[in-house]
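Letters A, B and C mark the chains in the order given here, with residues in each chain numbered from 1 onward.
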Amino acid sequence: MSFRAVCKADVVKSVIDSLSTLVDEAKFQVAPEGLEVLAVDAAHVAMIDLSLSKAAFKNFEADEMELGIDIDKLSDAVRLAGADDEVEIVLEDEGLLRLEIGNLTRRMSLVDTSGMTDPKIPDLELPAMIKMPGAELDRGIKAAEGISDHVALHATAGGFELSAEGDMDSVNLNLEKDTLLEHRASEEVRSLFSLDYFSNMVKVAKDAGTVQLRLGNDYPVRLGFEFADGEGEVTYLLAPRIESA
Amino acid sequence: MSFRAVCKADVVKSVIDSLSTLVDEAKFQVAPEGLEVLAVDAAHVAMIDLSLSKAAFKNFEADEMELGIDIDKLSDAVRLAGADDEVEIVLEDEGLLRLEIGNLTRRMSLVDTSGMTDPKIPDLELPAMIKMPGAELDRGIKAAEGISDHVALHATAGGFELSAEGDMDSVNLNLEKDTLLEHRASEEVRSLFSLDYFSNMVKVAKDAGTVQLRLGNDYPVRLGFEFADGEGEVTYLLAPRIESA
Amino acid sequence: MSFRAVCKADVVKSVIDSLSTLVDEAKFQVAPEGLEVLAVDAAHVAMIDLSLSKAAFKNFEADEMELGIDIDKLSDAVRLAGADDEVEIVLEDEGLLRLEIGNLTRRMSLVDTSGMTDPKIPDLELPAMIKMPGAELDRGIKAAEGISDHVALHATAGGFELSAEGDMDSVNLNLEKDTLLEHRASEEVRSLFSLDYFSNMVKVAKDAGTVQLRLGNDYPVRLGFEFADGEGEVTYLLAPRIESA
């Protein structure tokens, strides 16, 4: 079993940022074509599906295998690298990962993956699809944070709305159809989400530029974005909250 | 009763910064020509008189009325706007204020003003007047903070002095007459002030560029500055401390 | 007894930074040619020898004397000055130091030096010598901080290595001979140091550009660097830790 990958530090940092909002440790499914991580948060409210193709790397040689990685340790190891610095990641024989960043060598033990479950991505029909700049969504989320602990996402034929309601106060981010990058909504749909989770996901997504939302009626939201010049992809899935009457 | 005002976000932010050092909620006296806020801090040590003319707004249409505003909520609502972003503020029928910032709509409940007092600005003879860059005054204040919890302000025919005395240590900021922007002091005057209050006022004032001080002998200090290109004006009044023998 | 010195604020700031990692108060040995501080930390693990020649000052007139200085107070007094602002330091008759920074005057009481010991610099044979950019050493230290509370410094004929070992994880900074600015190591030497102390010293040293290390086998490390355009010099001495078997 061999694994050797070389890429820019900021690709590794994107992977770390995407995963660390949900989990502390993750099982990386490695194959000759690239890698994938499927993970669920401890409360089973949210899921991530992250994939990174071989083309995102300067060099990528890998057999099929699983690598259990402590995200904090990985973060600690690459935080000293500049965004354009190269990181070389090699599997050493004793179940150790070796990172080379310039003159620095970091060896970290792998985590046992036998206790980690393989979440299945549910097959969901989500009729509405919206694309917008992540920064716009983030602004709505930040405004909602002072008002409530949950947000409603709402797609209509006319556009997209994010709203939060307090006792007397409220926030609405209203984006009409033609101000969105893409918009598909044959029927009107609306779901409610925990602001805590959603805000963390949007914070990660906004650095990617464009984010895609897929929505249903009282259904999970699917938030997707690309990184590493399109060679990496993250899809978050977040369960809805039940709206109290 | 109608109220509708449009202005740049940084004008609202100046109002918020000026008021929030003294109060959490404030009664805005609105009239067709502009608005004014008179407020006293909870300990009745300091007072603010803030006025903002209609000309500071891109658009201003208002009947005579009082608006009770929670400063924190207002701050929360406009902190996401860039300095040059436009904020539209409208009174909705049910005693709600609506803020529009780009695509974002924020509704906030007004605060009951019936319990808020109307402070009267005392009619004080303050013989000495000094104008200087706020940054200079701020530097003296910051140096004093490590030494004492109060400062003496001192105007003479020769200039202006700020001083703080510790057990053994001391700080003096000495500005001679001709280094000041303006200086009027027929008699020598000196008063002592709580550093806590005065430092907060100076912190707000220093962003305005020029600050004006009016001083008497063991009398309150009046600290004034303009904002919104001269269309807004803040006057702080701070009671003196009794100098222990 | 007279003392009067004028220099740029950043020279004073370098002195403060160098000393404050080890001590709160220090005895400055002043002479007509310049000044020197010898100090040991409270735990007697580390020592500093700081010297600053008369040439580092714009103006320096001093008799032989000792000045006991509270480093925090000195820091507080000069933190408001820009790096290029001039600071004038004068001894006033009553055992007070007067600092003049622009229009600001700060008087601070001197500390009694009678209780302060005069540490003797041990005469050590440290066979290995290495010079490198402080930033490089700092990077190795930062990577080690997540792994262990101590680091090994290791010089061989081939170069220099810094390493830290955790239970399973490790960090190595490996610098080959020809990537170092200077390198002298007739024999192989290795010593272990508390990361806490060493990291603080390196943090101060890295701003100086080049740092010099002198090493022996289970011997103290001597870390030296220059400041104030070469007119100031700091030598830290740090005792080794015993390597557990």
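Going forward, contacts are C-beta pairs under 8 Å (C-beta built on N, C-alpha and C of every residue); 3 or more make two chains touch, one makes a residue touch a chain.
Here the structure is a predicted model, which means the values were calculated and not measured.
For the touching copies subunit B and subunit C, the fraction of interface residue numbers used by both falls below half; the interface is of the different-residue type.
Relative orientation of subunit A and subunit B, expressed as the C-alpha superposition rotation angle, is 120° to the nearest 5.
Mean C-alpha positions place subunit B and subunit C at a centre distance of 45 Å.
Within subunit B, not a single residue touches two or more of the remaining chains.
The part of subunit A that touches subunit C in the complex is made up of residues 73, 76-77, 80, 96, 103-109.
Chain contact summary for the complex, subunit A toward subunit B: residues 136, 139-140, 142-143, 146, 167-175, 179.
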